[in-house]
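For reference, the structures are reproduced in the following blocks.
The two complexes that follow have chain A in common; it is paired with chain B in the first and with chain C in the second.
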Partner chain A sequence: MSKPEKPFFVGYLPVQQALRRWLLVVCALFVVGLTGIGMVMGTAQDDPGPGAFRFDYGRQTVSGVVELTPYPLVRVTVGNDRIKPGTTLMLVGQGKSNVDARAVPLEGQLAKVSGIVLQRGELNMLQLRGGANGLAAEEGEAPPQDSIPLGRWKLAGEICDGKCLAGAMRPGRGLAHKACANLCLIGGVPPVFVSSQPVDGSEFFLVTGPDGTALPKSAYDAIGQFVSIEGEVERRGDMLVLSIDPDSVEVLD
Partner chain B sequence: MNAAELILMCAQIWGVVGFVVALAFLSVGIDRIDEDARGAYFFRPLLIPGILVIWPLVLWRWYKYESGTDAWPARYAPPRKSHFAVGLILPAGIAVIIVAGLAVRQTWPSDFAPVQIEKPMVDTQ
Partner chain C sequence: MSVKYIPVQWNNNKWLYDGVMLVGVGLFLYVFLNASPSVLGYEPPINPQVHNARAFGACAFAMLTVILCIGPLARLDERFLPLLYNRRHFGVMTVFVAITHASYIIDWYFAFSMSDKYEALLFANTSYGQLAGFPFEIFGVFALVVLVILAATSHDFWMKFLTPPVWKRIHYLIYPAYLSVVAHISLGILQDQQAHAFTVIFIIGALLVGLLHLLAALSERKRDRALSAEGVDWVEVADVSSFRDGFAKIRLLPNGERVAVYLMDGRLSAISNACAHQNGPLGEGRIIDCLVTCPWHGFQYDVRNGRSPAPFTEMVPTYNLRLEGSSVQVDPKANPPGTPVDPLQIPVAYQMTKNGEVPA
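And then the complex of A and B:
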């Protein structure tokens, strides 16, 4: 006695009658299901924000005073149409690299910087060109730069890596970006804290450890998560700097 | 050392060991276990990225061929037997991961207003 033949699907042959209803149901569920999942996941995503590489500006070259927080900054003294004097630029290298080796010898000196701007609201960063083309000492005496202490604050928000947040990645923050942010910070990219609400008109803070040290490695585990944090805030040009107390970092519910 | 640095260091160690295995396998091992590869060299660098990732499997298969204990039909039987179960577990696992991710998601603390704990020590006026 022979067994009844089991229908078998072959893509390039006409569909067998016994399989037609089953295939129609599967196809309908597939289209509706994937559309639904796509819509749910899409609507669950946060707005990546307005940060971006400003390639439309072209290469920007300005002069200013190099400061170390210890993360390198340039306080712009001679700007251009895009970058006005008084702007504070965080400096970063290509990829997930820093420019400390070039910036440290120029601390407190006048320098010319050149590169591509990353911009997110009032947060400005410059990805430098290589070598002396990106950062070089300039003739002249560096004008003194003020630093205005704003006291000790308790804030809530997220520690991010400054480059991705400023526009190198979209999204450049959040839990899904945690691994990338950690790799950036291990590479020496300046960390930035995004506050739930602004302080002195700004929601972005360059983050350092206490007493002019780099962000403590104990804080890396809390990157990409929403935390409360305490520290001293100071204003350097149009940028706020937050020197955190590492023991105060608490992950929120 | 924090978690991120530990993960990065493990990945680097894995890659370095994989590179050593790739050099050994592509220069010595592949000629010993695959007669079709003898005298062919230009394709070998293309295998390096894969070997970096799955070098323990490469070592295991190399050992099985060298020792003559490889039973090639048996290699295909277990995956075929588990296809149906894996076909169910995989999409279910993806769904569980997505739901778990959404469940543990934090809420942005937009209601938290910054609090000044201490006034600045230096008078800026």
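And then the complex of A and C:
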């Protein structure tokens, strides 16, 4: 039996006086509670880090030598105020796409590249303009580029997609971002390994498979996780390239 | 109650309910979206698309948590019943907030590739064999599909079309959906979060839902023990002197059904305790304007025949009663819904008025 002394609510009838104060308190708690929770949750978000599209630089155009790791790079030979000679730029297309079709025919040649810079610390990437406006062969002999072997390393860190990490998305790394990172890598965006310890002054490595192959698909399960990884490190300009042994990828707790 | 189907039968209480709900949701989103960036002060800031997705996702979780707390709260304390009254509007609003969250995610993380963004959502991460890095998006997809189904079938038309038992079973999917949301958050954003305020709120919210349901279930069990009655042909309900005019006594019959025995104008009548609308406990209602009124949504029935007053058509089963000495007994075999039964006249000496007084 319902308690006769208690007020009884019927939705389509006026609310009884005895219930009104109670309902007012509940409504106030609901509104204040949701507002407070919204504030706390909103302010509990982590810093996405320093990476960003450098639209403030404007469109950048430099010249350099195209290399394939197999992911395309440009070793800048003629720079500008923002991008100095000796800089190594990873090249990507719009969105989650690569520029392999344009870069492969120019491997080892001098080329002019143009686009928007993505930058996170010493990690530099150039999102190219469309067609020949973004990447075109240049007249002249390509100067030889150094590649300095730094030996075999075992490192701990995270494999990310280079573009989101560099600032296309903020945040652009971690497990919550894994599907997006996978989609970028499927699209041919260069993967980047973020090491917990720097090697030769850098914590970022363009990461590839062995012998100039792309990152093996088997490594995709480890994207966004804290892993240990082994491979050969070489320096190409201001960028380190890590050629991993696919079997060495091990998830760390 | 309705004779014809109209989208919403608005009344003042529904307007108020929706107004308060919208103010709460609006303020949640406002402070999350506008106030928090200035407090965070990150430079460069979190992407607006991600910020928006998080705001709507967090809001949907908070709303779903509140919605799931209303049911057990109302079972534990009937003063919360008004929150139950228009809960379906709350649910539909939650679906819109959740869809907005999903839209921001899909249009950001899964766009900009050569693949269709909806296909990408399903194939981008297929690491189903591991916990860390599990494609948690799939839990969100499941929860959203369920929520959309529940919202789409929330109107009384669907309840009538599907029949209340089927409708009720479908709407129990809210529990797997909530568990799925918990998994979606646990394997997603919580894996990356360094600041723990969100984690703490999430855990408290999810535990609160679980705890309230547990408490309500224990309370129901205790109540059922007190209500259970034994007997084969006739089952004892209560002493005739214990009835109060305008109110009911509920008994749990050996066959598992509940009967509500009402005293009205000195006569006893028995109907099923389950409202034909959403199985609301009719015995916990009271008689208003000579009609049993359900405490959940105010559906009404003539206690003598289990029928809603014309032009409404809802019906519930009735039961036969008899008086053995001072003991009121009920025949556990229910009559078909809407069967008229002559009320059982009880001696004046046993009658208790609405005020709890025995007439002179």
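Criterion: the second predicted complex is superposed on the first by the 207 of 253 C-alpha atoms of A that agree within 3 Å, B and C clash if a C-alpha of one lies under 4 Å from a C-alpha of the other, contacts with A are read in each partner's own complex, and residues count from 1 in each chain.
As a working rule, a contact is a pair of C-beta atoms (placed from the backbone, for glycine too) under 8 Å apart; a residue touches a chain by one contact, two chains touch by 3 or more.
Just so you know, these numbers come straight off a predicted model, no measurement behind them.
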Touched partner set for A:Gly212, first chain B, second chain C, both or neither: neither
Touched chain A residues, chain B compared with chain C: C
First (chain B), second (chain C), both or neither touched by A:Pro143: neither
First (chain B), second (chain C), both or neither touched by A:Leu252: first
First, second, both or neither for A:Gly58, with chain B first and chain C second: neither
Touching partner for A:Gly130 - first (chain B), second (chain C), both, neither: neither
First (chain B), second (chain C), both or neither touched by A:Arg152: first
Touching partner for A:Gln197 - first (chain B), second (chain C), both, neither: first
Which superposed partner A:Ala44 touches (first chain B, second chain C, both, neither): both
A:Val31 touches, of chain B and chain C: first, second, both or neither? second
Overlap of the chain B and chain C footprints on chain A, listed as residue numbers: 41, 44, 46, 175, 179, 182-183, 186, 220-221, 223, 225
Touch list for chain B against partner chain A, complex: 1-5, 7-8, 98, 102, 105-122, 124
Residues on chain A engaged by chain B in the complex (per definition of touch): 41, 44, 46, 148-157, 175, 179, 182-183, 185-186, 195-199, 217-218, 220-221, 223, 225-226, 228, 230, 252-253
Touching residues on chain A, where the partner in the complex is chain C: 1-4, 6-15, 19, 22-23, 26-27, 30-31, 33-35, 37-48, 50-52, 94-97, 167, 169-171, 174-180, 182-184, 186-187, 220-225, 251
Footprint of chain A on chain C - complex, ascending: 9, 11-14, 20-21, 23-25, 27-33, 35-36, 39-40, 42, 44-47, 50-51, 54-55, 58-59, 62, 66, 78-83, 85-86, 108-115, 120-121, 124-125, 127, 129-130, 132-133, 135-137, 187-189, 191-198, 201, 244, 246-250, 283-286, 288, 293, 295, 297-298, 354, 356
